[in-house]
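Should a chain be cited, it is by its letter among A, B, C, D and E, assigned in written order, with residues numbered from 1 in that chain.
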């Protein structure tokens, strides 16, 4: 199969899935089968690309040329490969989980839920495989718009409010900052292709303007949730948990940091960025976000909101790592995308499972719950440990690389941020674990409950297992990423 | 006014004269000031004078409203037709030369006379029509004003309108 | 001047009469300016048709204008500024009646010299109107046709009297303003 | 007959069909005649366009009198594109309009359609002609018929709106006429090409400058440039739906065209640069975008909201023109085209909604997405185009506009465009929220709240498809617009 | 020389401004339409006076006349007059209908009733011809 066809299929599969899902709305079983089939075939298709990419082939597909000299084109590289694998693989798990969640909660509008979910995945795939900034931007917006119906799924006042903040911030940043940044770049360089080593040069743009441009990119990618553009993420927590789990812990936010990483590596280029005088400012901003978001998370009582702020903080790790501009840190950024995905999706799955089984949403209600839902809480613990960055979990690996990267360039600010945030992470995750395992139930639950339905329990167990497995088997991913850096620098 | 004898007699002299003058302006337009437009207006003025004296009903008996609409369209169409004739005979739109290839001047004259006649037709009838509409409107209003205010007014026309409305709705419904 | 009278008088009937006089005067002016055709038209239209129509309307509406004694200063300001511009502009216009005007030297000679050889008719206005620029005149016929059609469609709708009862027919009609 | 000889018939066919149409009885015949003639006009335009783009200006002299003496139609890339736009939009609207017109104008449809034909051919005539006075005549044809069409609205407010438009429109036309008068007095000609040759010698002439100002004010009134826009919301929101769709998609665009043609082709770029043209257009455009968007956000009914949105979109075009560069003009032309597509589609949705539920107030729209899913989906998609989301036509305009602004080094313009887009998000999304997330109002007549028929849906979705097509394949729009801009800037003969 | 040579234009300007003022300042619709007519008529005079040539005569060919006034403005103004009367007719028809619908034809009164976006004292942008 030629590369172009493969890319086309990867983009088309979720779309066809979405159409079929909306057509099968009347028969839930058929619909769910379609969802799962689509998810699995997508994963298989994406994994077909590993071979060629590892062999250094270029897969390219160009669809149209909406603006003279600018194509809607796709070109896969290792970083995108990882992202695509992650999103498509976790889609399967999340689908299983979502089926359990939606059914046992008797949610309305399930058909549109699954359909928009598929479209959102298509958006994520497009972002992952984009061959230039324009294409990336297009699918970035597809992702934004297709997740709005998911965020407002409940169609009540709270959902409406959340949806407003969500769409407002994401569209405002992308149209208001990202788009002009892209057009500016285009008008300077005449191209938007992702080119190893970057397309911006010192003689075409003054350092000050370049810094401004970089700031526009970093803030314009609202999905990366760098403060002060992070507000949408807690707001999006009104969505059903599967949405929070896959999209707001994996696909959407990762699309954000992925975009920033891509821009840093392929548009600016590490060497060029290193010459910029004010680039540190963004490092500080990201570092500030890490700490501040952790502090806010500390004070949350709702599990999902706490997780959301934790996500904000973890995302800025990645941004921070990307902006450290050391090869190791870039690898760390890429790996943290994976590591955080596994950990955070586990945590969200657990939160959803607790909600479905026990109807509990607050941290202070979890006393002794581990004895009723052992799988769930063990998985939660694994996820939490990974967030803190303790071996043998995925989170440790990425932190390792980021720290190593910071040492490469002697960036002690980053080291300090990492140290402090690790402490803060521990401070808000461990009490929950402690409470769940070692404290007695204060209030008897409304109904006697055990684990959540099996699809959910299975899904969360699987992701927890992945979190641990990644610690041991991260070699391929690391090798993969080293490849790009060799090309890049 | 209608019963004023003097007016009637004066009008009986004047109106034919006015109409004659109109025709003179119409067809003598190439030699002296005047042309289709002025002729149309003057012609209409004669008719309006007639209406003012003999009443709208009498006026409409001479030239019914429907006829005005038709003639008004025909005037414009006559103009267009002359224009198209030029195209059909191989020239440009409104090119009169091909009408009489042997005598270009004559062709131009013929074209001008014909289009001016079209202008005259349209202008005369439009002016008459506009006047009719305004004058007719007045009588309709007086009719309604005659109904005492205290009564809940029902407008027969309105109801018709309404039912027409509904019937269209249903028609549309079935088509859907 | 008569025009000022038109603006000042609140009695619309009188204003109409003044307006008719004004039209006649301008028709006379047109004659002085050698524009016979235009004069004829202006007399017929301005003094005749327009007047009759306005009178017809006035019999249906009120004769007196709603009193508003204040001078509309913003409007006056706008008008003065525009007037200033125009006065400023006309100072660069060529002198009145000067035979060396661009108007007289560019296209006019063509018409004056060629009309007879092209068409064999003496009235240049008719020639230009109906042949050289006949598409304009076609447009003019269409304009007057539109006017007839517009008035016809507008006024053949059965009348309803002033606001008293909102006719029932309105119930299923969209009232597009929010305050209803 | 050659193609050039067919060209004027894109105007003449509807023009001649109109008197016939006025006489036709019933409902089917007038509609059929209108549709056929409009379609013929569109076909001619579509055939002429490639030739006009490829071979430069095509000239057709009426009555076979050579141009400065007679009147010519002169077609190049700019007006060929616009003529195609007008006739194509009219062709798409007509199938859609049948049901809606039956509902809103139950009687005397012959004259109604005749007026529509006249309005359309008037606009076409303005677009194609090469004579400044002929512009005035056709302007009046289209204006007068538009006034009458607006007055056909069901509301009594339609009459008032029509009257106000009449006053403003006639003022605008008279301003234009005075401007033309000055031009004529100073040059002795009315032909655009002839004028363009004679004007440079008179660049410092006060009368010419005033003529420039008067023409701009006059056309500003017609195109609803910001402070002169006040007739527009009333006219758009009270006219019959079909008329609104047509006007919103075409009428103001034609006024923009006249402005472009006169300012760039007749007066010339140097003259425009010597006048404070850029500053005024930039300021008015920017302020217009901002305030009109703000007003759009404040509205509580769809038609008015979209009408204000139109005013703000005109601001974009003004902004694009004010850059006085090829890129800017091409962005303006592209936006003229794309805006017609999206606004047409949006107003079609509103027309469908009004047809079904008899109201366009926000309060009545709750839950409509469930009952009219296809219409509302179309609204969302067209709205996305309005916002300028990628893959839509709106994105292309925005991209072109921002690129042009960056190229001209005008950071403020970039900011204004972006703020405008964000405000568009707010007003479009308000509607989306209501339609998708709010339950239907209690007093809603559920039996009426159904999807409209295919006769409305198909044209609507054709426009939506066009919105996406021209968002992805821009060869037609961007290339021709760039070519048109070059013509206007005088870069090519 | 300049002043006297331009007296026709000054008349035009004065008339024009009177008409313009009536249109935008007066509330009565019939009055507005009259104002519009005044405004238009003044524009007509502008054209016609431009076509006048000293010592010329009506542009109808006759023996013994050498100098004719320019016929083109006459043609234009004929058309413009027709346009003007057409507008007047439509405007008047509209005011009749408005009178029936609202009970009066005073635009300022109706503005209170129908809060439209049109104010009588709207500020046209004058800035563009004051260079």
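Here is the rule we use: contacts are C-beta pairs under 8 Å (C-beta built on N, C-alpha and C of every residue); 3 or more make two chains touch, one makes a residue touch a chain.
Values in this document were obtained by computation on a predicted structure and should not be read as measured data.
Peer 1: Which chains are shared contacts of chain B and chain D?
Peer 2: Correct list: C, E.
Peer 1: What chain is the most remote from chain C, judged by the mean position of CA atoms in each chain?
Peer 2: Chain centre farthest from chain C's centre: A.
Peer 1: Counting only C-beta pairs in contact, which pair of chains has the most of them?
Peer 2: Top of the contact-pair ranking: C-E.
Peer 1: With centres defined as the mean of C-alpha atoms, identify the chain lying farthest from chain B.
Peer 2: A
Peer 1: Report the inter-centroid distance (CA atoms only) between chain A and chain D in whole Å.
Peer 2: Spacing between the chain centres: roughly 44 Å.
Peer 1: Can you give the whole-Å distance between the Cα centres of chain A and chain E?
Peer 2: 67
Peer 1: When the C-alpha atoms of chain C and chain E are each averaged to a single point, how far apart are the two points in Å?
Peer 2: Comparing mean C-alpha positions, chain E is 6 Å from chain C.
Peer 1: Distance between chain B and chain E based on Cα centroids, please, to the nearest Å.
Peer 2: 25
Peer 1: Which residues does chain E have that touch at least 2 chains other than itself?
Peer 2: 16, 20, 24, 50, 58, 60, 72-73, 76, 78-79, 82-83, 86-87, 89-90, 92-97, 100-102, 114, 123-124, 126, 129-130
Peer 1: Show the residues in chain C shared as contacts by 2 or more other chains, in ascending order.
Peer 2: Those would be 36-37, 41, 45, 49, 53, 56-57, 60, 85-86, 90-91, 93, 101, 103-104, 107-108, 111, 122-123, 125, 127, 129, 131, 133-140, 142-152, 154-156, 159-161, 172, 177.
Peer 1: Out of chain B, which residues touch more than one other chain, so two or more?
Peer 2: Correct list: 31-33, 35, 37, 69, 72-73, 76, 80, 83, 93-94, 96, 123, 130, 133-134, 137, 141, 161, 165.
Peer 1: Name the touching chain pairs, please: which are they?
Peer 2: A-D, B-C, B-D, B-E, C-D, C-E, D-E
Peer 1: Could you pull out which chain D residues touch chain C in their complex?
Peer 2: My answer: residues 15, 18-19, 22, 62-63, 65, 68-71, 108, 111-112, 114-115, 118, 125, 131, 133-134, 137-138, 140-141, 144-145, 147-148, 151-152, 154-155, 157, 182, 184-189, 198, 205-207, 209-211, 213, 237-238, 300-301, 303-304, 354, 358-361.
Peer 1: In their complex, what parts of chain C are in touch with chain B?
Peer 2: 36-37, 39-41, 44-45, 48-49, 52-53, 56-57, 59-60, 118-123, 125-127, 129-131, 134-135, 137-138, 140-142, 144-145, 147-149, 151-152, 154-156, 158-161, 164-165, 167-169, 172
Peer 1: Enumerate the contact residues on chain D facing chain B in the complex.
Peer 2: 1, 5, 8-9, 12, 15-16, 18-20, 22-23, 60-64, 99, 102-103, 106-107, 452-455
Peer 1: Once bound in the complex, which stretches of chain A touch chain D?
Peer 2: It comes out as residues 63-68, 72, 134, 137-138, 141-142, 145, 149, 152, 155, 159-160, 163-164, 167-168, 171-172, 175-176, 179-180, 183-184, 186-187.
Peer 1: Touching chain D in the complex: which residues of chain B?
Peer 2: Residue list for chain B touching chain D: 69-70, 72-74, 76-77, 80, 83-84, 86-87, 91-97, 161, 164-165, 168-169, 171-172, 175-176.
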